[in-house]
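First chain A sits with chain B, and in the next complex the same chain sits with chain C.
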Partner chain A sequence: MLIIKIALRNLSRHKKRTIFTAIVIAVAICFYVFADALILGMMDSSYENITEYEFGHIQLMSGEYWEDKDDLPLQNLISLEEETLARIAGRPEVTGYAPRLDFSAEMTDGRDSIPLIGRGIDLEQEASNFRIRDSIIEGSYIEEGEPEAVIGQSLAEDMELEVGDFFMLIVRTRGESFNVIDLTVAGIINTPNPYINDNVVFLPIDLARDALLVEDNQASHISLKLTDRELAADSSTEISELLTAGPASENYRAYSWEEGAEDLIVMQEYSDMVLILVLGVILLLAMAGIANTVILSVIERFKEIGMMKAMGMKIKEVTFLIGLEAAGIGILGGLLGVTLGAGAVYLLSTYGINIYAGMEGELDLPISMAVIYGSWKPGTFIFVFFYSVIISFISGLIPAYWGAKKNPVDILHE
Partner chain B sequence: MPLLNLKQVTKIYQQGEIKVEALRGIDLGIEKGEFTTVFGPSGSGKTTMLNLIGALDKPTGGTVRINGDSIGQLNKNQLALLRRNHIGFIFQSYNLIPVLSAFENISFALRIARKNSKNEEKEKVFNLLKAVGLEGLENRKPAELSGGQKQRVAIARALIKEPKLVLADEPTANLDSDTSHEIMKIMLKMNKELNTTFIFSTHDPLVMDYATRLLELRDGRISKDKIKEPANN
Partner chain C sequence: MRYILSIALRNLRRHKLRTLLSISAIIIAVIVGIFYRSILIAYSESTFENFIQLESGHVRLVDEEYARRERVLSLQYTVDGFAGEGLEAMMAALKEEEALSGILPRLRFPAFYAEGDEMEHMLGWGVDIEGEVEEIDFDRHLAEGRLPDPGSREIAVGYSLLDKLNRQVGDRITLLYNTSYNSLQGSTFTITGKIDTGLPYFDANIFVTPLDQSQDFLDMSDRATELLLFGSNRDQDSSIVSAVSSRLETDGGSDRYQLTSWRDSGGIVQWLMAYQRIIFVVMAGIVFLASLIIINTLMMVIKERRKEIGTMSSLGLKDKEIVMIFTCEGALMGTLGSVIGAIIGGGLTAYFSVVGLDFTEVMGSMGDSTLIDSVVFPTFSLENLLVAMVLGIIVSTMACIIPARQAAKVEPSEAMRDLK
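Our next item is the complex of A and B:
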């Protein structure tokens, strides 16, 4: 189309001006896609921490327990019939399950003591479905039938415990009496989840049940693993229906990991909003640059505009033609920006970045303290490219209209 | 019915507190195919009159009819359509689009008018380039053309949509006399072949020599209206 030809050729008439304005847009876009990839990588890593080391994809528990779960009560525990559990475990998206018994405890070695969370685990199912065993850096996993425990590296350092050392867990039983569990450190773990490393002791669930006077088959919750964490929301709804219809319908429900990680998800949404706001501010500055470029172009081409109007072009047609040039700057800046951004995201996703160096342990959130790797999201590139083109076009329209409205009589006879 | 009919046309410009009467009651009829020159001293109103005839502006009083339509009744978009379909312009500073070649400058006028298919357009443009003596130069940009060549492109651009009327404002002002003669001969030829009406605004006696009608304006009125034989027929 001739109009597009005119727009493109006019852009190349003033290369420096065009390129400079396009660079401003490109920098804004590059920053946005990089930051988006970084935040996405952080969130992905954090979600993985939650699903692989803490919550799982779905947790089955009673509604009353969910309400008080932060207090780690020993009431309203879950106990499913074999048939129901088999039906749930047999669902195509479910790859495994592991019952856990969580309780408050005080760890002591006779000299020092520290409050923490005890987690009774089914050794085999926990190892099959979660990554505690894979995270052992010293010693070994708990042996079946042995009074052993696995603790986090931070906890071990705080309590000056090594593999083979003895310690005790002082607990309050279901009957409100005190009890002690004697344990040996079998292994020390270091997971990407600081919450696990700092606060949790893993021990055999049978040992925990005996000490806490909890019945066999009872657990705080049963964690399920799925083939894909994206399935958790729908799957938990269906499993909840199954549980309420089943024989043991003691207000049991299935909760997806998203319900358990609400704070983190809100944080991500907030970060996304802030990022878009920052992008908006930067592009606003770019808009000023584009408007300036278009004004200069219009002033230099008053006679040309007057001639177009004399030839019969309407104001809106002239405005559109000039607006196209602004869009052209947006396209140039957009292409440059997504190319640079792709390069930056590639480096981030390949080599990662350690943004928490020196802050280990200071954030009480399940945010990965390891090196963060960026995550690709093609939608971001597409969105930001078209956003910059549209913003550029709009920012060119006002000066374009100003120029197009000029009286051709005044322009042509100057 | 004349192609152009001006009846008691006045045009008043407001410059701050002062009112300037550029035209003070013009009565004029111009037939199809005329080759007319409008001349007069600076401030006589000839540019204003041409702007009204060219539907670039509207009269303050009286009526201007182009092809029967009164331009006073038309809005800006309708005036633009009138110019698009029926009026061509030629200016002393050519006003070609610098980023387009000679071919593209001419076909741009046709695209705006949306009169032909692409193939028809190509043929028409090449024929007109040949008619104005620019065969072989179609791919040159205005910066690569001489003044005379640029004016030929402007003429072709004005004529490509087969307008009823062509308005030329000092078309030879930036040209030497030989080139001016060439340009005028081309326009005369087009006038005879296509029966297009030409109206010139000029101080150049050379242009007046080619005209068959002379209109002199003084102080916003027609002071002389003379039919004549062209000196360079």
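Our next item is the complex of A and C:
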């Protein structure tokens, strides 16, 4: 207790120096917290792009289809018994499902053509589980039973299509022949997911099945929505078990969105690596700053230290005392940094930041190049606070020991 | 001035350990800055080079209408001469321009392949094979076989596209495409080579075929969709633009062709340039943080030497000179730290630019889809060292002005006061 008191008094003796060293730590922490929130926010919005517009949380499909899902084959489609589907949809974490039929197509207006993906959707289910209908900026959603389609804004601009215009999709059918689907643009959507805006044409699933010669209850996959995206990994394992336990001989499986979004997970890991690097730089700077301060104060106080030792304090105790001072600076810097960081993250989550300002074109990833908002993660704050305190304490110990082991007689002699 | 410097130097030597400690943070900051930037430069340089060679040239000439809806890859808006006299004549005229060292015509067209119930879309590039080899060493991307010969129906295919098509070098394949008259036609090609550029987009989508062949089967004789213009190096872009655009003014075509420098081509190039600016700001921030430690030391030094400062000012030194002495002291520390940092950082990058930094273990779980090579060879450049060093010196010197001004506030009477 006494030691803590002495440490506190020593810190307040040199307020400016203490505060300056604390500021070094605080700014570094603030920077880390901010970077973490920014990356988290970026990942969050990307994950949302995937789960709300594209993949859903879980997709049910056959194992063979999963293997070459990039080729959008019309083989190995999924068709579930009413009963199985009801059992899956009845699970507590599942909020809805939507079957889809994806196919490779060539969009043409007779003059220009663009290769893209046709997506046959169940109009009701898709609208209630995904944000396609809510993203319509012009025109309306597809009418039941009409040969209509919804397309992205950038696609519409490239093909110079407007609501009410006709276009064709050239497709390869299951019968290994070409077919043409005539469609009218019912609505134009603008989603934060650039992939959907550029590459996907939504049309009624029945129409797609007829044109592709696919049977009535078949789909490429059935997309499930859950109450929370964090549940997807566990839930997909359980649903997979449920699917393989059934009498069906098909090799059906449930895949979570994490499995579908490999590229993004890679990016996440890369970002984590960058954060570790930042953490390393903080560590080095804080260590240099603390060591500097501690040595300065030890040099200043050789006499005092000698006195304390002469009065019976052990080397261990003196070292600990000076280490505590360093930890005190760490606590101060940590508190200041966390407070500043919280302010910065608050601003980031309220106003957002447009880091892509002035840039044209898009990257080949499902990241929207819009404003990014920060995300809160309390764990980061707690972690970085203790990190700074511990680092400060440890980097104070070495110079403290160096000062503490000096012979009191020599020092007092000077 | 001289004596100010020598006072500052002497003061630094008085407490060698303290000086060394105070500059350690600057050293670290400069090393981190140099090292990180060298990795970034290495990555962006190779990206810029690939982008320039495969996508943009130093300057790209296309029809305005073609560029407006580039994704459609329309065959209606082509490069067919200044006033429709044909591609060959236009290229011959452009070759006389001194700013240009090479011109690569390209004819890009969508094509697809259908087998069973699947349809595979791809992108064909009709290119001047000899020109590509000569100007951008296109043959270095060849992983297997050879490039197609002009005059024969041959193609070289990106390796992952080849995988998707289930074909091998030597096989034949029938591809479908729309001609410029918008009729769907097909041709059978012999696959002569496999291409591996390392760029996923290229390798998964593109095949190249001789320009004369593509002009023939697309009914586009003496036309191309774009011209890539090259100068002696990539900084020649603006002189190419001005030379070619004045040519377009006199010979015609200025109202339909547009010239775009690689810098303005968007996408990854601008992203990387913005990223480089961000890194520069972050570096300055780290150096500033490190400077706080020098400020800390300076404040302490000033407090220690109040008596000395008082004496100096009573001997007639002006406030400005006292500020100079302490700023000098700080600046010297910053300079020393920056120089040491630059030397160590330079040594490290020089070492790793040869050995390479292997991130394979860290990125082990990331698989092949990674955008970034797992082994990085940082670029060693004097420019990089200089930038970091100068940044370190400037930021730390500016930071030291703040505490140095306090020194000037010391009254001459302090010299007489007993501080103890």
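Throughout what follows, the second predicted complex is superposed on the first by the 408 of 414 C-alpha atoms of A that agree within 3 Å, B and C clash if a C-alpha of one lies under 4 Å from a C-alpha of the other, contacts with A are read in each partner's own complex, and residues count from 1 in each chain.
Following the convention adopted for this analysis, a residue touches a chain if its C-beta (ideal position, glycine included) is under 8 Å from a C-beta of that chain, and two chains touch if they have at least 3 such contacts.
Small disclaimer: the values here were computed from a predicted structure and weren't measured.
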Dominant toucher of chain A (residue count), chain B or chain C: C
Partner chain(s) touched by A:75 [first = chain B, second = chain C, both, neither]: second
Which of chain B and chain C A:353 touches, first, second, both or neither: neither
Chain B versus chain C as contact partner of A:394, first or second or both or neither: neither
Partner chain in contact with A:310 - chain B first, chain C second, else both or neither: first
Which superposed partner A:104 touches (first chain B, second chain C, both, neither): second
First (chain B), second (chain C), both or neither touched by A:9: first
Interface residues, chain A side, partner chain C - complex: 16-17, 20-21, 23-24, 27-28, 31, 71-75, 104-106, 110-115, 157-160, 171-176, 178, 198, 212, 262-263, 266, 269-270, 273, 277, 281, 284-285, 288-289, 291-293, 295-296, 299, 355-356, 358-364
In the complex, chain B residues that touch chain A: 47, 51, 54, 56-57, 76-77, 80-85, 87, 89, 91, 93, 95-100, 104, 107-109, 111-113, 157, 169
Residues of chain A that touch chain B when the two form their complex: 2, 5-6, 9-10, 13, 303-304, 306-315, 407-409, 412-413
In the complex, chain C residues that touch chain A: 15, 17-18, 21-22, 24-25, 28-29, 32, 36, 69, 71-72, 74, 76, 110, 112, 114, 116-121, 164, 178, 182, 201, 265-268, 270-271, 274, 278, 285-286, 289-290, 292-293, 295-297, 299-300, 362-363, 365-367, 369-372
